[in-house]
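Order of writing sets the labels: A, B, C, D, E and F. Residues in every chain begin at 1.
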């Protein structure tokens, strides 16, 4: 089984880390294939960047289907381009955000999200609403750190998350923490040790959910909403976006 | 006052029609400026095409701000790329879909949407949910006609809409009809005459709402969610997307 | 085009101010006609006063239709008597409250309402629920000032609104402010200057929305819910309430 | 204990019937006092009539408090003027509509409402939304009979309700029927016998709920939302509306 | 009329108190019959205990029907086993929790619940959601006292409730207090005296609501959801649970 | 890794089938351990049976924890006793119903449930509401077959499901089918082949989700709502229910 983890941004170092960590959690026989678009945005912290990154996600799914990928995880909080991704494949496509919310709701009565930077709170809220998870989320909290600084200052990042998570437990009556950004898998262990509650990284949960769906031979429904897009000519820089997709 | 109507698809004939009709409804002193992206998709009937078209919408708003545009209407049912559009300007940005829903809810206790083709029903439902209008909408109905056939077969299109609208009034207890696609302004008069209820074209309502907001000097809030996107290097075909935007 | 702004209370000085300010924002060719009932309540700060004022609103719409009015704005936070008003006319009727909420939701991801006095918070909440805007409103805040003191103590009022609005931005993650009372148009400029976010006065937004609907020849649906009321004899002080209405 | 049943319309014959039937269901020691306004509307079938009738409801509560009434039931589907009524008394005020919904939800998993005439469906929907009962109501159905014809054609009315109720059970998966109008107590026995499910008349349920609240010395909260209205001069025909109320 | 108050836990002293207090509020002619299971749990403070107590509730309803009981009140916050209880009888079954919520919503615009211990907050939230009352509840608050300590330390309990209730009024904009546990009827008088708002004990409200339903000959619908359970052999300790039930 | 599939009813043949099928889908290294209570009910088709079965579920989790089980799946549509089960373990507990809903929502824009018998529709609706999935479910459909007949008449059952599923696709605009009962895994292949959309069996999805959570070392939060139940003496037949549980 081959599962593609799509990093919607262009920061290759993050893609490589994703590959390494995810392979460690994958089932025997699962080949993890982490990729990212060649062109786009180094991080996704705004709606504009989300729009740009969505094109890269489509591109990676179309390419993945040609390469025989069996399932996809979108590795950006906000599940960038997920509806479009579902259109171009009949493999399952899981968003790290929805996966995290579903897992959290099976482990705890309520959870808090800790995302970053603050302006992206609205992206979390959109996914909460779209997935039906809004009522289970006690609060979307945000830390004021740019995404690209995550790599550099691990200790400060961990401390900031720990502080905010403690506030979440004390003030929100939360019983689990959802990490609101990809690339934070290394925080799961220390945070859950300090906090004593489940700390959830949607990327890894998404990987396991996709593995499960593939094993059960469950793929994206091609009836109506996520049917392959109609064959019309995209033009300009988009002319080849759908070349050779299955539909 | 200059109001830009953004046709998110690349079908120029539709853009020209939009320009002509909208100028007729504009206030004295409003210059209507209908535009469309040079590259992209000839119509928006899928999530993939919506993702592609969103890039064109961003491009047209960035260009519009440089050209001194005072307000924008996104002229595609689904309000393609509206959150991203709001980020790159402090002018007001109105979606034709939300405008239609708000108008319908001020004129009638409940309304039905008639959209096309059937696979796009989910786009209407997304906007209904995002705008809070889901409870006021009795039903999203769809006609099985591709968007690009709208121009050619006016009589068949009118007949199909009339039939579906009559079913909506009879079966849904609807009291108004929302046209679920741009480019249908010419149906407003015959349909409302035959049906005896308000028939709402979101493009024209959007134009009037934007004119109102501009007159009142109300623009997009730049606090947090729709703040200008952070200055990071987009790359590849997106490298110049934000060149010269105001933020 | 003639647009009637209905002040549901009997305070004539407020009606005159409304007339002057609104005419300044009206389109060329729009005649603003601000009116108020002869009998009723000097302000609307309770459900009893709202019930009393609703009769005056009906009276002003019936009279307006006879006088050739093309559209109506109900100028009281709470949209006093709006469903009844819609029944007695086929012109569009817009409430200042719904208009403010719709505008706010097109300009910002979330807004706070600042209303007064505190006991009327429930009126705002009712309109939020009825219009579907509850999720977009971060919080309904209230200032403890009686409505009739608004005129006298402009500086204190401005200071109180500014303080409360600052708290709204800091504590509610709001990105726009809705003024929760008519008669506060003069606060829009100073508040938006100090706060740097859109500050919305529903009266002026309502005026522009009605102008738009009239231009597009869109009126209240007379099918079922807002059909003209059945012709039965009202008696006593209400005997002449509907005299000569169109239905 | 004295309980006032307020018939918001001016049809005295209906008020007398109400008195007789309700006294039969009242507890030992409860004096039922059915009243109606002297002036107003002979029935409530529109929002205008609801606005007119609300004034009569306020009047009857103010008068009732002076006469030593201990609790009130508003006997019109739609709970005419209930928020205003609650403001002018510290006795409990129960609406027949909310009472019917609450009872239905304690007796059955879901219920259908059968109201009349069709244009008033929106009034039922408003109360369902305001009371939180919308999810428990499978459907609001309507019969096309004017309220004032209810008295004359008992057999036709019973047959119409029975037909519609049978459709409700078959099509809506309903498990109880709520009668959507006052004055239908006599239908409870034959309908429940024929249908084999609970048939609920909100007037009688409201009477029993008010008796219960009075026995437990529970009255309307006077804190904030339903505090007595501020002492300002109502004018004209409303000048004496609040004369001598307790607040 | 015989009304059974079912204490789902095995603490007999509490059952006896319930009997005494409730008989005092019962109508002339109502015989109150308070019972509790012989085996089970001394209090209900967890989901496990709720599952155990539900068996006892079923047992008491089956026995009650054989003994000629006319209606039931489930006297535990959370309405333990209420759906199952409704299946085994055609008498009305009222939960103290839903009764309290309905009463509170007829007396005040919003209410706060004060429950205990904190881990049971989720039980209150479940009933709020199931009954549609979530929007009317400003907040579920909890006191950190085990249920079984309620009897011993009356003064401390009263003080703790009074403190928490004062916070509710000040911070939640609540206008009524719902006591979130059975066995607190004695707090109603002192708390309402100190707070000046309605304080609601669901047991007594439930008693009065059941009396009303029985008087009106309204019982549980046996159509579909609450039909008598199918006749299959329960085994082991459950073998006799349904012996002789009516269905 | 050892995963226990708990069949809440006492029908051993079903438990054995579950064991065999699930082992076939389990990951290398996962030992599937299907169990059922010794005493209880042969199937769960009512709330009474659900209450009885919940005791068995608790018993099996307590025993499972002693036997070193790493994760649990509750294999009954309705997720019998899931909150109580979560209290007595810190391993993850997944309900087949929630698992099916979450999977369906990741594969399709909307799904229909086909459950049985009709009276259990309300159980599905409860889980839809509790999990936030109500909006994603187009409709809960039911087939009129008793659970215990499922084994005997495979062809009739398959035909009934196929018919109902076809109606779901045609009438509900559904894009996936959720099988609303355990023990139907064998229908997944033929139904999905005939229908061309995902057909989802919650048991197998639940198994894969639990495997994923265990791999990621994620277990039930023991903070507040699902903390181990307090140590109080259960009595009678329940005296040993919690013996030796971990808390």
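As a working rule, a residue touches a chain if its C-beta (ideal position, glycine included) is under 8 Å from a C-beta of that chain, and two chains touch if they have at least 3 such contacts.
Here is each chain with its UniProt name: A, B, C, D, E, F = Allantoin racemase.
None of these values were measured; they are calculated from a predicted model.
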Fewest touching-chain hops separating chain D (Allantoin racemase) from chain E (Allantoin racemase): 1
Copies chain B (Allantoin racemase) and chain A (Allantoin racemase) - interface residue numbers shared by over half, same or different: same
Chain pair equivalent in interface to B-C, over half of contacts matched, among E-F, A-B or D-E: D-E
Inter-centroid spacing, chain F (Allantoin racemase) versus chain D (Allantoin racemase) (mean Cα positions, whole Å): 44
Centroid distance [mean C-alpha coordinates] between chain E (Allantoin racemase) and chain B (Allantoin racemase), Å: 52
For chain A (Allantoin racemase) paired with chain F (Allantoin racemase), centre-to-centre distance based on mean C-alpha positions, whole Å: 27
Chain B (Allantoin racemase), residues touching no fewer than two other chains: 109, 121-122, 129, 135, 173, 224-226
Sites on chain A (Allantoin racemase) touched by chain B (Allantoin racemase) in the complex: 10, 38-43, 45-52, 54-55, 58, 81, 83-84, 86-88, 118-119, 121-122, 126, 129-130, 146, 148, 224-227, 229-230, 232-239, 241-242
Residue numbers on chain A (Allantoin racemase) that touch chain F (Allantoin racemase), as the complex places them: 25, 27-29, 92-95, 98, 102-103, 105-110, 131-136, 169, 173, 175-176, 196-198, 200, 204-205, 207-209, 211-213, 215-216, 218-226
